[in-house]
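Before I ask anything, let me first share the structure, which is written out below as structure tokens.
Chain nomenclature is as follows: A, B, C and D, assigned in order of appearance, with residue numbering initiated at 1 for each chain independently.
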Amino acid sequence: MIPSLEQLSARLADLAGAMPATATSGPAPVPPRSPVQPADFAAKGYHLDVTVAPGAVDSAAGILDQHGFALDTITGVDWIAQNEMEVIYDYFHAASPLRIVIRTRVPRDHPELPTISAVFPGANWHEREAHDFFGLRFLGHPDLSPFLLPEDATYHPLRKDFSA
Amino acid sequence: MTAPPDIARPTKPQETFVLNVGPQHPAAHGVLRIKMTMDGEFVTRAEPILGYIHRMHEKMGENRTWAQFLPNTGRIDYLSALHYNHAFVGVVERALRIEVPPRAEFIRVITSELNRISSHLVWWSAFLIDLGGMTPLLYAFDDREKLLDLLEGVTGSRLTYCYFRFGGLCNDIDDSFIAGARAFVAQMRPRLKLYRDLVTDNIILRKRLEGIGPISAEMCRKYGATGPVLRGSGVAYDVRRAEPYSVYPELAFEIPTYPAGDSMARYLVHMAEMEQSLRIIAQALDKLPAGPVMGKVPRVLRLPPGDYCFAVEAARGRFMVRVVSDNKDIPYRVKLRTPSFSNLSLYEEASRGMILPDVLALLGSLDLVIPDIDR
Amino acid sequence: MSILTTEPVRLLLSLVCIMAFVGLNAAYLVLAERKGAGRFQRRPGPNEAGYGGWLQPVADVAKLLSKQLIVPPGTDSLLFRLAPLMVLSPAMMCLAVVPFSETLVARNINVGLLMVFSFGSIGVMAIMLSGWASRNKFAIISAARVVSQNVAYEIPMLLVVITLLMMTGTMDLNQIVRQQAGGFWHWNFFKVGANPLMPVTFVIFFICMLAETNRAPFDMAEAESELVAGAFTEYAGMGFGVFFMAEYANIVLGCSLATVLFFGGWQSPFGLWPGLLWFLLKLYALIFTVIWVRWTFPRTQFYGLLNLSWKILIPISLFTLLLSSAMLKIFHS
Amino acid sequence: MKASILEVPRGFWSLLVGMRVTLTQFFKPVVTVPYPRKTLPIPARYRGHIELTVDPATGRPLCTACKLCERACPSDCILVDGVKLEGEKKKSVTEYKLDFTKCSLCGACVEVCPCDAIRFSKDYNLASTSKADYNFDLVERLKAGRKQP
């Protein structure tokens, strides 16, 4: 069952609509936009750009899982100017060329969001890595001990205020 | 061979012991450490422990210009440096909409495929070493040496290539390279036959790999495994076809798949891919157009704000670069999605209840490069 | 001359000769193995020490002797030191009954074959002891493997030997060689008249010999990509060197036995000029095959190895045994 | 049952095929090069450490100490200094330090150089027990006449 772009946008739009729009404190970096945005693959490298609330990443993962998507990677971006942490989930599909990006923003001093490792066991490692590098706390994750960093590491090197 | 049910039962902690395979162990190529909880010779849990060769390439990316990060890409997966080059120049070209001349694209494909063969040859020989066969290593390295000579002639280095540039290549290939590549294709085919006679058809190898470490297509999906691992589970997923880049759409090749999902299937995928790569090289050499190898590129690279992805089919699977730009000449964020990382993440689940030699055969069949996992 | 033939002197002399033979063979077989491996892999092998690498064994031994003998803390030091001695002595003992030529045999006893097999089993125990005494997880796994492997391969080997014994009717090795006199078609290997499956029995014997000597593709004890160096992981210097020597001593013994039992020992293939030269030629041809096999195949999987023995070799050897006895009954009674 | 019985001779045959392969290789000549006694030609594009090139007319380095290479280097391993000599339009190099321990031979410096004043050398026999030996002073190296045609 290869999903069509329209079906997916509709389902993900439902999800994003059900949640309150991301509350941004400080200057908004981009003008407000629709949470589900089709993207030009040739220019961006993905087809659908979905912004959801932090609490909805696991439901989004569930929807994509039902449609046969696989998790590509999880990563963070530290938007220190906005005092926010962006978390980006990339998904790909093995039977169709569809690429989907799910993104959410969490406050920088309180970076917590649910884990999706129950849906995608492969997310376990990606979340541990994101925890290592950004200090993102994935609630419900089985083990967030340092992964790629030394086992006694307490720092998060990809935060923009980190200096060695 | 997996454990019979009475052995696979949950054992009491005092009946098991912990065996550290790595970070210095002959089967851990590089510095991978696997903490194995063993019940006799059966592995009840195999937990990979990473980070021994972590270099924080992603932080380096935030500290240097787009062009300065390019040499780093060749050092993430040292066996398929050109594919990683390709992904990074690809993402910048995509963001800036740089036109790459066709000749450059063809040369990129030719050199990338040569690189893929050399990577597979290293995998093949190292895998055979894991299985206790020494001689194939030397035969494979003999062939690989010819490849490295070819690539050294055009790129200047033998392993950590940095040959692609934003908008093209740093220099053109010459006739001796073309002749050498043609000669290589011609002489590699009989060598693959030799490999088949010596190793692939060998009953010892078949007994060793058939049915060992089955990985289902569903497990691959859940863990995001790609490349030969996914194709060995019967899924015809190849970034070269799924998200076509460069001139791959113009070239005819097949995506070899084997549905069994065991180590033998992954092995056969690798061997078939070498043949397909030879086919691609032969076609690309025939179609190679004349012209420049460098397109028009702005003098100072500044990517428009936003995020961009570019995925390539590296020798081990899907490699994706995701960059975030804030309109400066250095990236705001570089994320490297490496295939070995995802491929290894299913190891703990896939290896449960197998005996030690099989666990190591499974590890070898996943085709891992440790710096690629740790970055 | 009279002193030389007295029993104690003769004993001492034969002991010294055997030790020298084993020592030299071990040293130069290592070189042959490395050179051979080199040629199989299209490289020259060791070629720096001495002319073309001929002094390499001397350099190796000097290196091993100059190294510290480390007994790791926590090991059973008595067993740890005893194991290397125990592994080498049985192979030397067994060579005492092997007839190198009609007269060149240290101890010509009439149950030579029995002695070889009974002493041969001690080597297993030595490796098990070394694994046990080392207090190393890899070594323990290796020890367990060696025992089950050797038990599994002892059975088809003995079945094959019984098949042969029914034909020869004697356990005296020299007598067995004498029976194969006159042209290569008289060798046991080619005696298809007595048992059409004779070449198959030889193949089984050869496979079992490889397994008993822990040679690739059956080198479960070392299995360097799994168990580092298995039972020998903790040994350093000459302690390790002795295990290495024992491996080659066992190969020499195994190949000598194969020569005696299947290829007519010191008999010449044309029925003329029997002697030591023929024995050595056949012996080294077999040893070359052993090296050739090692550098061709990957290692078997442990359960595959046991399956090979219990599911393939033992049924076939039982069948040959039955066939042999049936043919003996029909044609020779 | 039939298949597993047939597997025995087939498997044995596959072993013989493998042994035939290694035996044919056994009688072929060796392919390795005995390295210190014999070396292979180095390709023209080989990337050794960088070196300064000289102007054939004046015999002095072409480098004008513009420091583009210093800025292009991803590993900060180049340090250039120069003075403006009297009666000349361009500066000339007085100091060119290369910290070879950090260099990754990416070639960014060579590509960025506007006057082809640096190039890759073919020098690969570099070994030392001291890290300090790899702080190359390329001007000194040029004067010492290492590998200049």
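Here is the rule we use: contacts are C-beta pairs under 8 Å (C-beta built on N, C-alpha and C of every residue); 3 or more make two chains touch, one makes a residue touch a chain.
This is a predicted model, so every value here is computed, not measured.
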Comparing C-D against B-D, which pair counts more contacting C-beta pairs?
B-D
Quick check for the class: compute each chain's Cα centroid; which one is farthest from the centroid of subunit C?
A
Please report how many Å separate the Cα centroid of subunit A from that of subunit C, as a whole number.
63
When the C-alpha atoms of subunit B and subunit D are each averaged to a single point, how far apart are the two points in Å?
25
Mean-CA-position distance for subunit D and subunit A (Å)
42
Using Cα averages as centroids, what's the distance between subunit C and subunit D in whole Å?
50
The positions of subunit C in contact with two or more other chains are 40-43, 295-297
Can you list the subunit D residues in contact with two or more other chains?
12, 15, 18, 21-22, 25, 31
Residue ranges of subunit B touching at least 2 other chains are 135, 139, 142, 198-199, 202, 204, 207
Between which chains does touch occur?
A-B, B-C, B-D, C-D
Under the touch definition given earlier, write down the residues of subunit D that touch subunit C in their complex.
8, 12, 15, 18-19, 21-23, 25-26, 28-32, 34
List of subunit A residues in touch with subunit B within their complex:
41-46, 68-73, 75, 77-78, 88, 90, 92, 94-97, 99, 101, 120-122, 124-125, 133, 146-150, 157-158
Help me check something: in the complex, which residues belonging to subunit B touch subunit D?
64, 67-72, 75, 135, 139, 142, 149, 152-157, 160, 162, 170-171, 194, 197-199, 201-204, 207
In the complex formed with subunit B, which residues of subunit C make contact?
37, 40-43, 137-138, 141, 144-145, 216-217, 219, 223-228, 295-304
In the complex with subunit D, residue positions of subunit C that touch it:
36, 38-44, 47, 203, 292-293, 295-297, 312
